[in-house]
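Two complexes follow with chain A in common, the first pairing it with chain B and the second with chain C.
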Partner chain A sequence: MSLLTAIDVNASGLKAQRQRVEVSSANLANSQTTRTEEGGPYRRKDVIFQAVSFGNAFDAAARGLNGVEVIGVADDPAEFDRRYEPGHPDADAEGYVAYPNVSAIEEMANLVEASRSYEANISAVNIIKTMITRTLEIGR
Partner chain B sequence: MDNQMFPMLEGLLNLTARRQQALASNIANIDTPGYKSLDVPFQQELSMSLRMAATEPSHMIQPALTAASAFVESGGEIKPNGNNVDLDRQMTELTKNGLQYITLVQYLNQKLRTLRSSINEGGR
Partner chain C sequence: MSDFAIYNNIPRIMPAPAGVKMPSAEPATGDSFGGLLKEAIGQVNNLEQGSQGELQKFLNNESDLHSVMIALEKADLSFQMMMQVRNKIVSAYQEIMRMQV
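Presenting the complex of A and B:
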(Lines of atoms letter the chains of each structure in order from A and count residues from 1; the text may use other names and numbers.)
(Lines give C-alpha, C1' and ligand atoms only; values in the text may rest on other atoms or scores of the structure.)
Protein backbone atom coordinates (compact mmCIF):
# COMPACT_ATOMS: atom_id res chain seq x y z
CA MET A 1 0.00 0.00 0.00
CA SER A 2 1.50 3.24 -1.15
CA LEU A 3 0.63 5.20 1.98
CA LEU A 4 2.45 2.71 4.19
CA THR A 5 5.55 3.16 2.01
CA ALA A 6 5.24 6.91 2.59
CA ILE A 7 5.34 6.25 6.35
CA ASP A 8 8.51 4.17 5.87
CA VAL A 9 10.07 7.08 3.99
CA ASN A 10 9.32 9.45 6.86
CA ALA A 11 10.58 6.85 9.33
CA SER A 12 13.93 6.91 7.54
CA GLY A 13 13.91 10.70 8.03
CA LEU A 14 13.18 10.30 11.75
CA LYS A 15 16.01 7.81 12.12
CA ALA A 16 18.52 9.99 10.27
CA GLN A 17 17.64 13.11 12.27
CA ARG A 18 17.89 11.20 15.54
CA GLN A 19 21.36 9.96 14.59
CA ARG A 20 22.28 13.56 13.85
CA VAL A 21 21.10 14.62 17.32
CA GLU A 22 23.12 11.79 18.90
CA VAL A 23 26.31 12.85 17.11
CA SER A 24 25.72 16.49 17.94
CA SER A 25 25.15 15.61 21.62
CA ALA A 26 28.41 13.66 21.65
CA ASN A 27 30.17 16.73 20.25
CA LEU A 28 28.72 18.93 22.97
CA ALA A 29 29.54 16.43 25.72
CA ASN A 30 33.15 16.26 24.52
CA SER A 31 33.66 19.95 23.88
CA GLN A 32 36.43 20.07 26.53
CA THR A 33 37.88 16.56 26.07
CA THR A 34 41.64 16.73 25.57
CA ARG A 35 42.36 13.02 25.63
CA THR A 36 40.82 10.34 23.42
CA GLU A 37 41.55 6.70 22.60
CA GLU A 38 43.06 7.74 19.26
CA GLY A 39 45.24 10.23 21.10
CA GLY A 40 44.96 13.99 21.08
CA PRO A 41 41.85 16.03 21.72
CA TYR A 42 38.34 15.06 20.59
CA ARG A 43 37.58 15.88 16.97
CA ARG A 44 34.13 17.16 16.06
CA LYS A 45 31.96 14.60 14.20
CA ASP A 46 29.36 15.24 11.53
CA VAL A 47 26.77 12.93 9.95
CA ILE A 48 26.58 12.50 6.18
CA PHE A 49 23.06 12.25 4.77
CA GLN A 50 22.36 10.50 1.52
CA ALA A 51 19.12 9.92 -0.37
CA VAL A 52 18.46 6.19 -0.80
CA SER A 53 16.04 4.63 -3.24
CA PHE A 54 13.05 2.85 -1.75
CA GLY A 55 12.23 0.90 -4.88
CA ASN A 56 12.31 -2.90 -4.73
CA ALA A 57 11.19 -5.81 -6.86
CA PHE A 58 7.92 -6.16 -4.95
CA ASP A 59 6.76 -2.57 -4.99
CA ALA A 60 6.89 -1.03 -8.44
CA ALA A 61 5.06 2.06 -7.21
CA ALA A 62 7.89 2.90 -4.84
CA ARG A 63 10.32 3.29 -7.73
CA GLY A 64 11.82 6.76 -7.82
CA LEU A 65 10.99 7.28 -4.17
CA ASN A 66 13.79 8.43 -1.92
CA GLY A 67 14.30 7.90 1.77
CA VAL A 68 17.30 9.18 3.66
CA GLU A 69 20.13 7.39 5.38
CA VAL A 70 23.19 8.36 7.40
CA ILE A 71 25.94 6.77 5.31
CA GLY A 72 28.72 7.74 7.66
CA VAL A 73 30.06 9.93 10.39
CA ALA A 74 32.93 12.15 9.30
CA ASP A 75 35.55 13.99 11.31
CA ASP A 76 35.57 17.75 11.05
CA PRO A 77 39.05 18.65 9.68
CA ALA A 78 38.97 22.13 11.25
CA GLU A 79 41.92 23.02 13.47
CA PHE A 80 41.83 22.51 17.23
CA ASP A 81 41.27 25.43 19.51
CA ARG A 82 44.65 26.27 21.07
CA ARG A 83 44.50 27.99 24.44
CA TYR A 84 47.37 29.18 26.60
CA GLU A 85 47.10 27.15 29.83
CA PRO A 86 50.63 26.30 31.04
CA GLY A 87 49.31 24.58 34.17
CA HIS A 88 47.22 22.07 32.24
CA PRO A 89 48.60 18.48 32.22
CA ASP A 90 48.11 18.30 28.44
CA ALA A 91 49.86 21.57 27.69
CA ASP A 92 52.64 21.40 25.09
CA ALA A 93 56.22 22.77 25.54
CA GLU A 94 55.01 26.32 24.83
CA GLY A 95 52.19 26.06 27.37
CA TYR A 96 49.34 25.72 24.85
CA VAL A 97 46.54 23.15 25.20
CA ALA A 98 44.70 21.90 22.10
CA TYR A 99 40.97 21.82 22.81
CA PRO A 100 38.39 20.10 20.56
CA ASN A 101 37.22 21.97 17.46
CA VAL A 102 33.66 21.99 18.81
CA SER A 103 31.68 25.21 18.84
CA ALA A 104 28.78 25.14 21.31
CA ILE A 105 26.83 27.67 19.23
CA GLU A 106 27.21 25.62 16.07
CA GLU A 107 26.09 22.45 17.86
CA MET A 108 23.07 24.16 19.40
CA ALA A 109 22.01 25.48 16.00
CA ASN A 110 22.50 22.00 14.56
CA LEU A 111 20.39 20.46 17.34
CA VAL A 112 17.54 22.93 16.81
CA GLU A 113 17.59 22.31 13.06
CA ALA A 114 17.58 18.54 13.58
CA SER A 115 14.65 18.68 16.00
CA ARG A 116 12.66 20.87 13.58
CA SER A 117 13.26 18.39 10.79
CA TYR A 118 12.29 15.56 13.15
CA GLU A 119 9.01 17.33 13.94
CA ALA A 120 8.31 17.84 10.24
CA ASN A 121 8.62 14.08 9.72
CA ILE A 122 6.33 13.40 12.68
CA SER A 123 3.69 15.75 11.24
CA ALA A 124 3.93 14.00 7.89
CA VAL A 125 3.45 10.59 9.55
CA ASN A 126 0.41 11.90 11.43
CA ILE A 127 -1.20 13.20 8.24
CA ILE A 128 -0.62 9.86 6.49
CA LYS A 129 -2.04 8.05 9.53
CA THR A 130 -5.25 10.08 9.24
CA MET A 131 -5.42 9.29 5.52
CA ILE A 132 -5.07 5.55 6.16
CA THR A 133 -7.68 5.62 8.94
CA ARG A 134 -10.15 7.34 6.61
CA THR A 135 -9.41 4.83 3.87
CA LEU A 136 -10.40 2.03 6.22
CA GLU A 137 -13.72 3.75 6.77
CA ILE A 138 -14.70 3.72 3.09
CA GLY A 139 -18.08 2.07 2.67
CA ARG A 140 -18.99 1.95 6.35
CA MET B 1 -25.90 6.68 -11.50
CA ASP B 2 -22.82 7.53 -13.51
CA ASN B 3 -20.80 4.32 -13.58
CA GLN B 4 -17.60 6.27 -14.30
CA MET B 5 -17.75 7.88 -10.89
CA PHE B 6 -16.10 5.10 -8.87
CA PRO B 7 -13.12 4.44 -11.18
CA MET B 8 -12.60 8.19 -11.35
CA LEU B 9 -12.58 8.57 -7.56
CA GLU B 10 -10.33 5.55 -7.21
CA GLY B 11 -7.90 7.09 -9.68
CA LEU B 12 -7.89 10.40 -7.84
CA LEU B 13 -7.31 8.66 -4.50
CA ASN B 14 -4.39 6.72 -5.97
CA LEU B 15 -2.92 9.87 -7.44
CA THR B 16 -3.27 11.72 -4.12
CA ALA B 17 -1.63 8.84 -2.22
CA ARG B 18 1.15 8.81 -4.82
CA ARG B 19 1.71 12.51 -4.29
CA GLN B 20 1.89 11.95 -0.52
CA GLN B 21 4.81 9.59 -1.17
CA ALA B 22 6.67 12.29 -3.07
CA LEU B 23 6.03 14.83 -0.30
CA ALA B 24 7.11 12.31 2.38
CA SER B 25 10.33 11.77 0.44
CA ASN B 26 10.96 15.53 0.34
CA ILE B 27 10.40 15.94 4.09
CA ALA B 28 12.72 13.01 4.86
CA ASN B 29 15.43 14.56 2.68
CA ILE B 30 15.08 18.09 3.97
CA ASP B 31 18.77 18.19 5.00
CA THR B 32 20.27 15.88 2.37
CA PRO B 33 22.89 17.70 0.30
CA GLY B 34 22.14 17.79 -3.41
CA TYR B 35 18.60 16.41 -3.06
CA LYS B 36 16.00 17.87 -5.45
CA SER B 37 12.37 17.88 -4.34
CA LEU B 38 9.90 15.59 -6.11
CA ASP B 39 6.27 16.03 -7.01
CA VAL B 40 3.50 14.33 -8.96
CA PRO B 41 2.21 16.54 -11.78
CA PHE B 42 -1.32 16.20 -10.43
CA GLN B 43 -3.01 18.82 -12.58
CA GLN B 44 -1.38 17.64 -15.82
CA GLU B 45 -2.38 14.04 -15.08
CA LEU B 46 -5.93 15.09 -14.27
CA SER B 47 -6.44 17.50 -17.16
CA MET B 48 -4.96 14.96 -19.56
CA SER B 49 -7.44 12.30 -18.47
CA LEU B 50 -10.29 14.82 -18.59
CA ARG B 51 -9.33 15.82 -22.11
CA MET B 52 -9.26 12.18 -23.15
CA ALA B 53 -12.63 11.66 -21.51
CA ALA B 54 -14.06 14.52 -23.52
CA THR B 55 -13.20 12.78 -26.79
CA GLU B 56 -13.90 9.23 -25.65
CA PRO B 57 -16.06 8.65 -22.55
CA SER B 58 -14.46 5.28 -21.74
CA HIS B 59 -11.16 7.08 -21.11
CA MET B 60 -12.49 8.56 -17.92
CA ILE B 61 -11.01 5.64 -15.96
CA GLN B 62 -7.53 6.75 -17.00
CA PRO B 63 -6.44 8.24 -13.63
CA ALA B 64 -6.73 4.79 -12.07
CA LEU B 65 -3.61 3.87 -13.97
CA THR B 66 -1.58 6.72 -12.56
CA ALA B 67 -0.95 5.15 -9.14
CA ALA B 68 2.55 4.50 -10.42
CA SER B 69 2.84 7.80 -12.28
CA ALA B 70 6.33 9.20 -12.55
CA PHE B 71 7.76 11.72 -10.14
CA VAL B 72 9.04 15.00 -11.52
CA GLU B 73 11.42 17.45 -9.91
CA SER B 74 9.62 20.44 -8.51
CA GLY B 75 11.22 23.84 -8.52
CA GLY B 76 12.48 25.71 -5.51
CA GLU B 77 15.35 27.89 -4.43
CA ILE B 78 18.57 25.88 -4.33
CA LYS B 79 20.37 26.17 -1.00
CA PRO B 80 24.20 26.28 -0.75
CA ASN B 81 24.28 22.49 -0.18
CA GLY B 82 22.47 21.87 -3.48
CA ASN B 83 19.18 20.96 -1.78
CA ASN B 84 16.02 22.73 -2.93
CA VAL B 85 13.41 21.46 -0.44
CA ASP B 86 11.36 24.35 0.94
CA LEU B 87 10.07 23.15 4.33
CA ASP B 88 7.17 25.63 4.59
CA ARG B 89 5.94 24.85 1.12
CA GLN B 90 6.27 21.10 1.60
CA MET B 91 4.37 21.18 4.90
CA THR B 92 1.48 23.19 3.43
CA GLU B 93 1.35 20.94 0.37
CA LEU B 94 1.38 17.91 2.68
CA THR B 95 -1.57 19.29 4.66
CA LYS B 96 -3.47 20.25 1.52
CA ASN B 97 -2.88 16.85 -0.03
CA GLY B 98 -4.06 15.09 3.15
CA LEU B 99 -7.23 17.18 3.24
CA GLN B 100 -7.85 16.53 -0.43
CA TYR B 101 -7.60 12.79 0.22
CA ILE B 102 -10.06 12.99 3.12
CA THR B 103 -12.44 15.06 0.98
CA LEU B 104 -12.33 12.43 -1.75
CA VAL B 105 -13.00 9.64 0.77
CA GLN B 106 -15.92 11.64 2.20
CA TYR B 107 -17.34 12.13 -1.29
CA LEU B 108 -16.91 8.46 -2.13
CA ASN B 109 -18.71 7.48 1.08
CA GLN B 110 -21.58 9.84 0.21
CA LYS B 111 -21.90 8.21 -3.22
CA LEU B 112 -21.93 4.76 -1.62
CA ARG B 113 -24.63 5.83 0.85
CA THR B 114 -26.76 7.13 -2.03
CA LEU B 115 -26.25 3.86 -3.87
CA ARG B 116 -27.14 1.83 -0.78
CA SER B 117 -30.34 3.74 -0.16
CA SER B 118 -31.32 3.32 -3.83
CA ILE B 119 -30.91 -0.43 -3.40
CA ASN B 120 -32.69 -0.67 -0.06
CA GLU B 121 -35.53 1.79 -0.60
CA GLY B 122 -36.27 0.80 -4.19
CA GLY B 123 -38.20 -2.34 -3.31
CA ARG B 124 -40.51 -0.70 -0.74
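Presenting the complex of A and C:
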Protein backbone atom coordinates (compact mmCIF):
# COMPACT_ATOMS: atom_id res chain seq x y z
CA MET A 1 0.00 0.00 0.00
CA SER A 2 1.50 3.27 -1.00
CA LEU A 3 0.67 6.57 0.63
CA LEU A 4 -0.86 7.78 -2.61
CA THR A 5 -3.44 4.96 -2.37
CA ALA A 6 -4.44 6.33 1.03
CA ILE A 7 -5.04 9.69 -0.64
CA ASP A 8 -7.33 7.95 -3.15
CA VAL A 9 -9.31 6.38 -0.28
CA ASN A 10 -9.85 9.82 1.25
CA ALA A 11 -10.78 11.18 -2.16
CA SER A 12 -13.59 8.62 -2.33
CA GLY A 13 -14.75 9.87 1.09
CA LEU A 14 -14.75 13.45 -0.18
CA LYS A 15 -16.85 12.46 -3.18
CA ALA A 16 -19.33 10.50 -1.05
CA GLN A 17 -19.81 13.38 1.40
CA ARG A 18 -20.26 15.85 -1.43
CA GLN A 19 -23.03 13.66 -2.88
CA ARG A 20 -24.64 13.50 0.55
CA VAL A 21 -24.63 17.31 0.74
CA GLU A 22 -26.23 17.43 -2.72
CA VAL A 23 -29.04 15.10 -1.65
CA SER A 24 -29.62 17.06 1.58
CA SER A 25 -29.72 20.31 -0.41
CA ALA A 26 -32.30 18.80 -2.75
CA ASN A 27 -34.37 17.76 0.28
CA LEU A 28 -34.21 21.28 1.71
CA ALA A 29 -35.01 22.89 -1.63
CA ASN A 30 -38.07 20.65 -2.01
CA SER A 31 -39.29 20.89 1.57
CA GLN A 32 -42.56 22.53 0.39
CA THR A 33 -42.98 20.75 -2.98
CA THR A 34 -46.43 19.23 -3.34
CA ARG A 35 -46.14 18.10 -6.97
CA THR A 36 -43.59 15.72 -8.49
CA GLU A 37 -43.25 13.81 -11.76
CA GLU A 38 -44.27 10.58 -9.98
CA GLY A 39 -47.31 12.35 -8.55
CA GLY A 40 -47.87 13.34 -4.94
CA PRO A 41 -45.57 15.44 -2.80
CA TYR A 42 -41.77 15.23 -2.80
CA ARG A 43 -40.39 12.29 -0.82
CA ARG A 44 -37.24 12.80 1.27
CA LYS A 45 -34.13 11.14 -0.24
CA ASP A 46 -31.23 9.51 1.56
CA VAL A 47 -27.85 8.31 0.26
CA ILE A 48 -26.62 4.72 0.72
CA PHE A 49 -22.88 4.30 1.29
CA GLN A 50 -21.01 1.14 0.41
CA ALA A 51 -17.40 0.15 1.03
CA VAL A 52 -15.49 -0.52 -2.19
CA SER A 53 -12.14 -2.28 -2.40
CA PHE A 54 -9.21 -0.09 -3.36
CA GLY A 55 -6.24 -2.42 -3.20
CA ASN A 56 -5.02 -4.31 -6.24
CA ALA A 57 -4.67 -8.07 -6.20
CA PHE A 58 -0.86 -7.97 -6.21
CA ASP A 59 -0.51 -5.75 -3.17
CA ALA A 60 -1.19 -7.88 -0.09
CA ALA A 61 -1.16 -4.97 2.36
CA ALA A 62 -3.70 -2.98 0.37
CA ARG A 63 -6.11 -5.84 -0.27
CA GLY A 64 -8.29 -5.03 2.73
CA LEU A 65 -8.27 -1.32 2.02
CA ASN A 66 -11.75 0.04 1.44
CA GLY A 67 -12.95 3.33 0.07
CA VAL A 68 -16.53 4.49 0.15
CA GLU A 69 -18.99 4.98 -2.67
CA VAL A 70 -22.60 6.14 -2.94
CA ILE A 71 -24.36 3.18 -4.53
CA GLY A 72 -27.80 4.67 -4.54
CA VAL A 73 -30.33 7.19 -3.31
CA ALA A 74 -33.29 5.76 -1.40
CA ASP A 75 -36.66 7.27 -0.62
CA ASP A 76 -37.59 7.88 3.01
CA PRO A 77 -40.79 5.88 3.65
CA ALA A 78 -41.93 8.16 6.50
CA GLU A 79 -45.46 9.60 6.45
CA PHE A 80 -46.13 12.89 4.67
CA ASP A 81 -46.89 15.97 6.71
CA ARG A 82 -50.67 16.64 6.37
CA ARG A 83 -51.76 20.23 6.87
CA TYR A 84 -55.28 21.66 6.76
CA GLU A 85 -55.27 24.13 3.84
CA PRO A 86 -58.66 23.94 2.07
CA GLY A 87 -57.78 26.73 -0.37
CA HIS A 88 -54.72 24.91 -1.71
CA PRO A 89 -55.07 23.48 -5.25
CA ASP A 90 -53.57 20.16 -4.08
CA ALA A 91 -55.90 19.77 -1.08
CA ASP A 92 -57.84 16.49 -0.85
CA ALA A 93 -61.60 16.15 -0.30
CA GLU A 94 -61.22 16.86 3.44
CA GLY A 95 -59.14 19.98 2.80
CA TYR A 96 -55.79 18.48 3.83
CA VAL A 97 -52.60 19.00 1.79
CA ALA A 98 -49.78 16.43 1.98
CA TYR A 99 -46.45 18.17 2.37
CA PRO A 100 -43.05 16.43 1.97
CA ASN A 101 -41.69 14.37 4.86
CA VAL A 102 -38.67 16.69 5.03
CA SER A 103 -37.62 18.12 8.38
CA ALA A 104 -35.46 21.22 8.02
CA ILE A 105 -33.78 20.53 11.38
CA GLU A 106 -32.87 16.99 10.37
CA GLU A 107 -31.48 18.18 7.04
CA MET A 108 -29.39 20.89 8.68
CA ALA A 109 -27.96 18.33 11.11
CA ASN A 110 -27.19 16.09 8.11
CA LEU A 111 -25.48 18.96 6.30
CA VAL A 112 -23.33 19.83 9.30
CA GLU A 113 -22.34 16.19 9.76
CA ALA A 114 -21.49 15.81 6.06
CA SER A 115 -19.47 19.01 6.15
CA ARG A 116 -17.52 17.81 9.21
CA SER A 117 -16.83 14.44 7.56
CA TYR A 118 -15.62 16.27 4.46
CA GLU A 119 -13.26 18.36 6.58
CA ALA A 120 -12.00 15.24 8.35
CA ASN A 121 -11.16 13.63 5.00
CA ILE A 122 -9.34 16.77 3.89
CA SER A 123 -7.37 16.76 7.14
CA ALA A 124 -6.40 13.15 6.50
CA VAL A 125 -5.21 14.03 2.99
CA ASN A 126 -3.14 16.88 4.41
CA ILE A 127 -1.62 14.60 7.04
CA ILE A 128 -0.63 12.09 4.34
CA LYS A 129 0.83 14.91 2.28
CA THR A 130 2.82 16.14 5.27
CA MET A 131 4.08 12.59 5.86
CA ILE A 132 5.30 12.29 2.26
CA THR A 133 6.90 15.74 2.38
CA ARG A 134 8.64 14.86 5.65
CA THR A 135 9.81 11.56 4.16
CA LEU A 136 11.43 13.47 1.31
CA GLU A 137 13.41 15.39 3.91
CA ILE A 138 15.30 12.23 4.96
CA GLY A 139 18.97 12.90 4.55
CA ARG A 140 18.56 16.55 3.82
CA MET B 1 25.62 0.90 -9.25
CA SER B 2 24.34 -1.22 -6.37
CA ASP B 3 24.32 1.91 -4.23
CA PHE B 4 21.40 3.12 -6.29
CA ALA B 5 19.29 0.04 -5.60
CA ILE B 6 16.93 2.25 -3.59
CA TYR B 7 15.68 3.71 -6.82
CA ASN B 8 14.24 0.31 -7.69
CA ASN B 9 11.54 1.20 -5.19
CA ILE B 10 10.44 4.41 -6.88
CA PRO B 11 7.62 2.78 -8.88
CA ARG B 12 6.40 1.04 -5.73
CA ILE B 13 6.32 4.21 -3.62
CA MET B 14 4.87 6.41 -6.33
CA PRO B 15 2.90 4.21 -8.75
CA ALA B 16 1.18 5.78 -11.72
CA PRO B 17 -2.57 6.16 -11.13
CA ALA B 18 -4.82 3.63 -12.81
CA GLY B 19 -6.21 4.72 -16.12
CA VAL B 20 -3.26 6.94 -16.96
CA LYS B 21 -1.38 5.51 -19.88
CA MET B 22 2.36 5.64 -19.91
CA PRO B 23 3.48 6.86 -23.30
CA SER B 24 6.93 8.05 -22.30
CA ALA B 25 7.90 5.51 -19.66
CA GLU B 26 9.57 2.38 -20.98
CA PRO B 27 9.87 -0.58 -18.64
CA ALA B 28 13.29 -0.45 -17.05
CA THR B 29 15.69 -3.30 -17.57
CA GLY B 30 16.39 -3.46 -13.83
CA ASP B 31 20.17 -3.10 -14.06
CA SER B 32 20.37 0.16 -15.92
CA PHE B 33 20.22 3.15 -13.60
CA GLY B 34 19.43 5.40 -16.53
CA GLY B 35 16.44 3.22 -17.39
CA LEU B 36 15.13 3.42 -13.84
CA LEU B 37 15.56 7.16 -13.78
CA LYS B 38 13.80 7.48 -17.11
CA GLU B 39 10.91 5.40 -15.82
CA ALA B 40 10.62 7.47 -12.63
CA ILE B 41 10.64 10.71 -14.59
CA GLY B 42 8.05 9.24 -16.96
CA GLN B 43 5.77 8.51 -14.01
CA VAL B 44 6.18 12.03 -12.65
CA ASN B 45 5.29 13.27 -16.11
CA ASN B 46 2.23 11.01 -16.16
CA LEU B 47 1.00 12.43 -12.86
CA GLU B 48 1.48 15.96 -14.20
CA GLN B 49 -0.47 15.07 -17.33
CA GLY B 50 -3.11 13.37 -15.16
CA SER B 51 -3.59 16.58 -13.17
CA GLN B 52 -3.90 18.57 -16.39
CA GLY B 53 -6.49 16.09 -17.71
CA GLU B 54 -8.41 16.32 -14.42
CA LEU B 55 -8.41 20.12 -14.62
CA GLN B 56 -9.69 19.94 -18.19
CA LYS B 57 -12.46 17.58 -17.07
CA PHE B 58 -13.37 19.94 -14.24
CA LEU B 59 -13.63 22.86 -16.66
CA ASN B 60 -15.95 20.73 -18.81
CA ASN B 61 -18.13 20.02 -15.73
CA GLU B 62 -17.19 16.33 -15.78
CA SER B 63 -15.18 16.21 -12.57
CA ASP B 64 -15.20 17.42 -8.96
CA LEU B 65 -13.03 20.14 -7.53
CA HIS B 66 -11.50 17.79 -4.98
CA SER B 67 -10.38 15.40 -7.75
CA VAL B 68 -8.50 18.28 -9.35
CA MET B 69 -6.88 19.30 -6.07
CA ILE B 70 -5.85 15.73 -5.29
CA ALA B 71 -4.42 15.20 -8.78
CA LEU B 72 -2.47 18.46 -8.38
CA GLU B 73 -1.18 17.38 -4.95
CA LYS B 74 -0.05 14.02 -6.33
CA ALA B 75 1.74 15.73 -9.19
CA ASP B 76 3.36 18.15 -6.74
CA LEU B 77 4.54 15.37 -4.39
CA SER B 78 5.95 13.22 -7.18
CA PHE B 79 7.71 16.28 -8.60
CA GLN B 80 9.27 17.01 -5.21
CA MET B 81 10.41 13.40 -5.04
CA MET B 82 11.99 13.71 -8.48
CA MET B 83 13.78 16.87 -7.36
CA GLN B 84 15.20 15.01 -4.35
CA VAL B 85 16.47 12.23 -6.61
CA ARG B 86 17.99 14.85 -8.91
CA ASN B 87 19.71 16.57 -5.96
CA LYS B 88 21.22 13.25 -4.90
CA ILE B 89 22.46 12.55 -8.40
CA VAL B 90 23.99 16.02 -8.77
CA SER B 91 25.72 15.81 -5.39
CA ALA B 92 27.08 12.35 -6.22
CA TYR B 93 28.32 13.67 -9.55
CA GLN B 94 30.04 16.63 -7.89
CA GLU B 95 31.60 14.31 -5.33
CA ILE B 96 33.11 12.23 -8.12
CA MET B 97 34.31 15.33 -9.99
CA ARG B 98 36.15 16.52 -6.87
CA MET B 99 37.96 13.19 -6.60
CA GLN B 100 41.76 13.40 -6.79
CA VAL B 101 43.37 11.11 -9.30
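Assume the second predicted complex is superposed on the first by the 134 of 140 C-alpha atoms of A that agree within 3 Å, B and C clash if a C-alpha of one lies under 4 Å from a C-alpha of the other, contacts with A are read in each partner's own complex, and residues count from 1 in each chain.
Everything below uses one rule, namely that a residue touches a chain if its C-beta (ideal position, glycine included) is under 8 Å from a C-beta of that chain, and two chains touch if they have at least 3 such contacts.
Because the structure is predicted, anything quoted here is derived from the model rather than measured.
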Fit or clash between chain C and chain B when superposed on chain A: fit
Comparison of chain B and chain C by chain A residues contacted: B
Touched partner set for A:18, first chain B, second chain C, both or neither: second
First, second, both or neither for A:67, with chain B first and chain C second: first
Touching partner for A:91 - first (chain B), second (chain C), both, neither: neither
Partner chain in contact with A:2 - chain B first, chain C second, else both or neither: both
Partner chain(s) touched by A:111 [first = chain B, second = chain C, both, neither]: neither
From chain A, separation angle of chain B and chain C (C-alpha centres, steps of 10 degrees): 40
Which superposed partner A:28 touches (first chain B, second chain C, both, neither): neither
Minimum C-alpha separation between chain B and chain C after superposing on chain A, in Å: 9
Doubly contacted residues of chain A, that is, touched by chain B and again by chain C: 2-3, 7, 140
Complex contacts: residues of chain B adjacent to chain A: 13-14, 17-18, 20-25, 27-35, 38, 67-68, 70-71, 87, 90-91, 94-95, 97-98, 101-102, 105-106, 108-109, 112
Partner chain B, residues of chain A touching it in the complex: 2-3, 5-7, 9-10, 12-13, 16-17, 20, 49-51, 54, 60-68, 113-114, 116-117, 120-121, 123-124, 127-128, 130-131, 134-135, 137-140
Complex interface listing, chain C residues touching chain A: 12-15, 17, 64, 66-67, 70, 73-74, 77, 80-81, 84
In the complex, chain A residues that touch chain C: 2-4, 7-8, 11, 14-15, 18, 125, 129, 132-133, 136, 140
